[in-house]
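Look for subunit A in each of the two complexes below; its partner is subunit B in the first and subunit C in the second.
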Partner chain A sequence: MSDDQFAIQLRKLNRYFGRKHVVRDLNLRVPKGQVTALLGLNGAGKTTTIRMLMGLLAPTRGHASVLGEDALAMSTGTRAKVGYLVEGHFLYPSMRVRDCQSFQRAGYPTWNDHLFVDIVDHFGIDRQAKVSTLSRGQRAGVALALVLAPDPELLVLDDPALGLDPVSRRALNETLVEFAGNGKRTVLLSTHLIDDVERIADRVAVMVGGRLKVDTSLDEFVGRVSMLSLPESSIDADQLASLTGLIEARRLGSGTTARWQLTLVDVDESATNQIERLSGTPPERMEATLNEAVLAYLVRERGDGSFFSKPLIAKANEEGATV
Partner chain B sequence: MLPIRVSTGGKVPIYRQVIDQIRSAIVSDRLRVGDSLPSVRALAGELVVNPNTIAKAYAELVRDGVLESQQGRGYFVAKRREIYTKKERNRRLQESMEPFLAEAVSLGFGEQEIVERIQKQLQHMFSS
Partner chain C sequence: MRAIFKKELGDLMRWIPLGMIVCVVMLWRELPSNSQEALEVDSELATAAALVAATLAFGLGLLQSVFDARSDARGYLMHRPLSAASIYWAKTAAGFAAYSLTMLPGMLIAAIYLAAKGPEQLPTSAWQVAPVVWLSVVAFAFHPTAVWMIYRQAKWLGTKALPAVFVCGGLLLCWLIVAQTPLSNSFAVVSLLASLGITLLVLTLFAARHAFVAESLLAETPMTTAGWPRPSQWPGIIGITLSATILFGTVATIAVTSTVEAFSDSSGDYTTYNLRMSKDGEFYEQSRTVENQQWDAPTIKVRPVDSDSEFQTVDNNWPAADAAAFVDVSSFGSHPLRPYRLLANVTTDRVPFRQVTLVQHADKLLVYGKSLIAVVTPEGVFDSFDDATGAFKDQLFYVPLLWNTQPYYSQFDGNQLFVDGNAAVYQFNRDDLSVTKLLESQVDEITLLLSSSANRPPTLWTRSGNQVSEHQLETRNPKNDVPVAPAPDLKGHHTVELPRIEVTATETYELVSNAARAQGSLLVVASTADGRLAAIRSIYGSSDTFRVEYQFLEVDSQNDSPQTAAMPMPLSRGPVDWFVAFTLPPLLTGTIVFARANTTPGSSNAVPRIALVMAHSMIALLVTVWLSRRFDLSKKRCFSWLAGAILTGFGAPLGMLAIYRRPRREICRKCGEKSRVDLETCQHCGESWATPELEGIEILDLDATSSIDAKAAVSMA
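Right after this comes the complex of A and B.
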């Protein structure tokens, strides 16, 4: 895949706030025409990363490019092709919805009024209403309509589902599926809702403590993570730490029924043999769900240097080629 | 059109749920040879899932000879034909039987009971 097949390319991106290292050596490429979900705990560096790729924050080191241009020096033409929804669905409270519409329309060379009205209707919003009277879900609808109406090539959404009720959340997902439906537009969204990721994303990226720990397609991610179960007494914690591919180890139950639930990446025969040699019993194997796989990465969040959390980067990416 | 429903958070990926439901609708005659299926976009919109997920499910069904795609007209239920070798069909049957039988035995069903239940289910499938 050549460079112009990526909407976003981050190379060795780093950002400090004072002495705090918030984003660490981040390499991420977002392919065009796909929906990529960025997951991570609060404080993992998602918003900082998004602000850097939007050119709103300079990286301490490294480089971000968007639609082929340096994020810090994007031309106005390119910027108009990027829709960006900031965290929190901010709108001016004293404006009416239709004022937001005409205010935003003035700033874009392309603007689809029908699309704006469709989305606002879909969220059940009266265009005469004042922003200050809208619910959180309705504000999200207006904010989304404002970024989608210019028909952007690339849509960057910072936690769009934050604080939404189930009906608004569904309306958001429906709008995103419809938007991404022609296969030409690219979406990068940060979120905490793994079920929504399973529905709408092609790819998943997981940030832990400022680092990118997972970057692959949804199918490859779920396919490469497995869970093993072992009696607790059969193996000690130091031995566990030496296991190849261990993402997380949890102790479940108590007394004689206590057991380890291990989450590992790329479990093959040699890995299960290694575990059987150490513990003396063949482990019981289960496939992980997306929820379990993501949680295994997030639960083990540590500052740095943890031997847990083996990265899972798409095989194609590791080899220098791409998916 | 048959109702397809998907759920998240489980062990079965969404594209697999779509495949299973279309296959079972065909087996139970709710979908017949020549019936059309919704477009990728329409079904994606209806289920609120990524269109690539639906495209992947349809592609697998086309590859397995369950559906056929007609340029510009969409997807249709294909005439049933054997695209697998005898050996492959046996392997697939074996693969799907193992978890089922393990579950049935661990639930305490005896051999006779299991056979009877399968017969009953088959009658039900072919009569509806």
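Right after this comes the complex of A and C.
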């Protein structure tokens, strides 16, 4: 694919905050006409990456371009073609909804008042209402309407579903599907909601610890990640660590019924044979969902399991014994 | 841009009424109720306005920037089809509009009040608000300063707030010119005020613009370190360097002077030296020592001029010749921002409380009691300003004749003398409040020489260039006695009543001087024994000694040059001055030292001061070089800062500390050296930064992430 087929291109993008290396050597291209979901835990570097590609934060090293222009020197014409929804659906609290409309409209040659009104009405929002009186879902609706009304070529959404109720989320998803449906518009969507990604995204990119681990189409991603199950007693953790392509090893259950649930990438016959050699039993193959595949990557950054250092039941038993 | 302006102004509107009330109250408090207050109203209003305006501008700047500095608010504001600079200017314009709306009512009320009162009730006019308007415009620099502070990259609050030092210093300087300094040249004052104000505003506006547009992007190093500084970076660099220079100079000077004073002997003697003539026509060097700050009981010692003998203590009966010091009337003028000038407070029987204030306004002399009593011109005395006809030629200068003539401190009361624009001498008649012209000739300096002998009447002396004229006087009313100097008293203070006088004869003498334009204090002395007259001119400089020229005044003198004597400087702060010279910017100190050395021939102690200036520059240069390496600055930037260090001394390295940050470095995998992380390649070996190793779990679509590095990395894995 040639360069002009990508709406966003990030090349060896790096960003430090003090000693912390937040974004590491990020190479990412977002093809035009597709919805790309950017996934990652809090602190993985998604918002930092988006701020850099919107020209709001200087990269420490590397380069970001949007619609063919350097992100740090984006012209006003290019900015008019990019819709950017900031994290938290920020709006000026002192404004009324109609004030937001007239404030945002300035400078956009393709602003569509009807589209704005349609979206606002869709969310059931009174245009005379003050932003400070709106619910979070309504604020999200206004913010989305402000971003979509200029009919942008590229839409960059930073966690648009943050804090939304299920109905608002569904409305948001429907709006996005409709917006990107004709294949002429590009969407980069940063989110934590994998279910939403499955509904609206064409591609998925997963950031772990500031690095890009996945950047592919949704189907290929799900197709290349496999899950296997083994009895826990058949293999120890050190042996598991030597497995090629192991994304995550998760122990399920306890006692004699405990089993390892392994998530691996690109599992072929030789990989299965290797596991069988080590464990002495053939692994049981399971179907991996998008949710499970993504989670397998994400838990690599942060330890999995309960927040409690000891299981609550064990703790209760200890306390009972003491009493 | 209009949408941003409208939105910002709308947000600020809620604060305007509160600010308006504060501004009106603060200015109203300073409005005058009597003529004394009225004459100071411009400086009082300027002081109040400067405080209110600076606080208001700073507050508005914070309101407009703190909230928008949050990443979500900033993202929402900045991502629109407008350049970042346009957004900045729209916000600033809205801030200025809100600021003007807040300040305007207070200034309007003050202007209306002053216009209504003057000049018939009080010496006031609406024009007196002009300094307030100007200072308010300049004080708006605090608005971009707040923006500059919020958006500039600095970790420590002290360095973040550094721009405020420069703006405070600039505004203080403007306020001093407006409220305090009586500069004589209108063009100089207006030019100085305009250039200072414009420089301050332009520097802060563009420095804040750079901070808002570029520094807010939080680059790894707050300012790029390569090449020459870009034009947009200069205002910030200059402002921060000036701030650091002002801060260092102020703190170091206070520290040095307070330390030296703390360890110095506060009960030390204070000695001044002069040349004096005795009644027998001999010249003597005189020392006058005040011990333990007993100013009324000095110890007077004398010795013959140019002798190496010890000073001999003398008492009050030492036969000093009568003497009077000239008053310079050539270098005083009007303040262009002040329509009224206080001339003098004089006593008169015309009003019940016996004191009136003489004020010049529009080439007329206004006499105020509780309100306007009379308007005086050479054509007569008038009841109302509008009725008055005639005018003085130029600025009037009240001749105080209260001058340290040593041995006399004489104060004249009664019918005071005025000089009209160096061209005529008038006497104010306190009985009928009129003026009488005594002389019409060029006057640079003037004095009245009283005699202690009844045989010798007082004489009025004027100097114009090298011509000194002696004017014989007579009282207009024969019943009045001519004033006579009190009995010789080396330590006395006297008040002499001056009756109405007239000039009867004039004699002119030639002053001979080695100085091309002789400067310094001039004393005329008369020897009562044989009636000889002499002139003594002290020419001060920066050295430890000062030169005194003296000559007898004779009508057909054949002297080509005066006799000279070297006298110790009256006061020398010695090492304190040296240390203070070390703390000030080398450019400033060097200029002062150089100028003094050139204007004072034989100045001997300029060398140690110049050495100190050089030492200051050298240390600052060394620190600058070290910091340039630490911050990894380019050679061009290093040269710029070295030039700054030569001019400002320690201000430059302190400015560097406030502007730059040491770039983060990591070890290059190829050469093993630490290299800057913000460069694309290793600064030592030129190798690109190594791509992080793959873990074997990556799923990267090569069509989409087809960077060469990624492909190579995947194939290796």
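Assume the second predicted complex is superposed on the first by the 301 of 323 C-alpha atoms of A that agree within 3 Å, B and C clash if a C-alpha of one lies under 4 Å from a C-alpha of the other, contacts with A are read in each partner's own complex, and residues count from 1 in each chain.
Here, a contact is a pair of C-beta atoms (placed from the backbone, for glycine too) under 8 Å apart; a residue touches a chain by one contact, two chains touch by 3 or more.
All figures in this text were calculated on a predicted structure; none of them were measured in a lab.
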item: Subunit A as common anchor, with subunit B and subunit C clashing or fitting; value: fit
item: Contacts of A:A180 with subunit B and subunit C, given as first, second, both or neither; value: first
item: Subunit A residues touched by each partner, larger count belonging to subunit B or subunit C; value: C
item: Contacts of A:D202 with subunit B and subunit C, given as first, second, both or neither; value: first
item: Which superposed partner A:P166 touches (first subunit B, second subunit C, both, neither); value: neither
item: Partner chain in contact with A:G255 - subunit B first, subunit C second, else both or neither; value: neither
item: Least Cα gap, in Å, left between subunit B and subunit C after the two complexes are fitted on chain A; value: 18
item: Residues of subunit A at both interfaces, subunit B in one complex, subunit C in the other; value: none
item: Contact set on subunit C toward subunit A in their complex; value: 2-4, 6-7, 10-11, 71-76, 78-83, 217-220, 664, 677-680, 689, 691-692, 695-701, 703-707, 709-710
item: Complex interface listing, subunit B residues touching subunit A; value: 8-11, 13-14, 41, 44-45, 48-52
item: Parts of subunit A lying in touch with subunit C, wherever the complex brings them together; value: 1, 6, 11-12, 14, 16, 18-19, 24-25, 27-31, 47, 51, 54-58, 60-62, 72, 76-77, 79-80, 82, 84, 86-88, 90-92, 94-95, 99, 102-108, 203, 211-217, 220-221, 224-225, 244-247, 265, 297
item: Subunit B partner contacts - residues on subunit A that touch it in the complex; value: 34-35, 170, 173-174, 177-178, 180-181, 183, 194-196, 198-202, 218-219, 222, 287, 289-291
